[in-house]
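The structures considered in this document are given below.
Presented sequentially are two complexes of chain A, the first with chain B as partner and the second with chain C.
And then the complex of A and B:
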């Protein structure tokens, strides 16, 4: 039963809108909050799912879509639109539990309602030494047919490599 | 050698005094207090000592994996002495869980994984716990204690035997 979750997220977003008055700032806050969640969530994910280190970005994409999303949101987005270099892909979400019953009003047209998710993905991957860029490129809230999250691999984070991983 | 008095008649002892201010040596020299049960053991490490030893181990771990003749070494997983075994589990995020146990104790791998779960639940999901700080969360301590008791009961043959 995810109603309480949807309502809680909604309450969070509307409160941020009241606090920050402009959509850009709200988007930034959502990303930041998501990041703080992501750096903690990754440990829960690793502890419970027992997944080993991914050997390439394709494996990472599969793990995110088929295991992580399933575990935490109960959905399995599809992985598509790979860039020729294999460093960018899209997650297509048919439905997004965060936006059940939500309609975006006209005065919040640049609000990225589910931006928390981008922060979560960014934070979680950073803890396993991957710097990525995550953003929404399609959003059912804005009239698109699907919700599409684009993930781009930027670089491997070398400074905090666990010993033995060079 | 190296052992100290940890408890008298069940009451914990700190240095020369018990929790309620009794002087241990005085208490022991009064025959009216006999019979008395005394628990001896090694001193528990202080928080600072633990931090120091942990950072030393962290460096040794790094050196260990660099020295390895094989590529992609997992680092120091176990250190064995005749009085104890040190087990270490490093997560993909670089966190190390270290358990010091009796050399004959089995089931430590499972215990390390369980501790990872307890950490991700009671430390990380506590919004008031800041990352990288010492963990002072009661639920974490309670659940950790439970897990240790389960592992200890299992004894030298592992759980389920």
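And then the complex of A and C:
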């Protein structure tokens, strides 16, 4: 039930705001927690979705938007704004289930409420050997018309074999 | 429609995160459970409002408890409470033999001492739900062998 998740997330953010005095720390915590969730979520995702290896970043983007987001949050963001080099794109979410029932009070204007999502995406992709940078560019909570997440491919992570092994 | 796996992961991460933060600023250990319980309380209040918008008024306490055991538990944990007992004097014991939040942790007595952390949120959830239905309560949990709990 999506309300349970939304309400729990809301309670979490509220608690974090109480525990940490400034918004930046809350943002960092959300990102860290999201990362931890992401590294586990990817296993669940791969097990259930039966998606094979993605050959390039564009395929990755499509899988994220059309399969992953649909499976876990019930929405299908659109993939746009590709950079000329093909290493950056935006996910546009018309509506963000995490922010149902939420309003940002004035004294938390630098809080990135849905920052958990950035961590989740980053953690999950790291487990499939991709280092990415994820951040929110637009946020409906702050008055923008849509929520936009910008994802940038940094590099492929090579598995490092321990010294001494072939 | 958020997925169940997502909620499970989020919940476990919240528990882990709280304790991680508590370790770094020592002396806060007992308060973690309280914080988790109060988070559950807020969520429970909100949830019960949404669920009971269209249902009829409850006849009595027992009716409310049955609602919690059937509809509420099913919506939150996708199954009903396995056993409800009462002494008809205000004490109710809800038993779930395969508590969703504990199935991933162990199937027996290993890690028993960690179980209460994962139950604090749910205790708050129940207390919040009851509170918005007009019942003041104290909710505690007991685990003797995972994943069953009371």
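We take it that the second predicted complex is superposed on the first by the 158 of 166 C-alpha atoms of A that agree within 3 Å, B and C clash if a C-alpha of one lies under 4 Å from a C-alpha of the other, contacts with A are read in each partner's own complex, and residues count from 1 in each chain.
Just so we're on the same page, a residue touches a chain if its C-beta (ideal position, glycine included) is under 8 Å from a C-beta of that chain, and two chains touch if they have at least 3 such contacts.
It should be emphasised that the depicted structure is a prediction, and the values quoted were computed from it without experimental measurement.
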item	value
Partner chain in contact with A:44 - chain B first, chain C second, else both or neither	both
Comparison of chain B and chain C by chain A residues contacted	C
Chain B versus chain C as contact partner of A:53, first or second or both or neither	first
Partner chain in contact with A:4 - chain B first, chain C second, else both or neither	second
Touching partner for A:128 - first (chain B), second (chain C), both, neither	first
Where chain A meets both chain C and chain B, residue numbers	40, 44
Interface residues, chain A side, partner chain C - complex	1-12, 14-15, 19, 29, 32-33, 36-37, 40-41, 44, 71-74, 97, 101, 116
Contact set on chain B toward chain A in their complex	61-62, 64-66, 68, 72-75, 90-95, 113, 116-117, 119-121, 124-125, 131
Residues of chain A defined as touching chain B within the complex	39-40, 42-44, 46-48, 52-53, 127-128, 160-165
Residues of chain C that touch chain A when the two form their complex	1-3, 5-7, 9-11, 13-14, 16-17, 21, 35, 38-40, 42-43, 46-47, 50, 75-76, 121
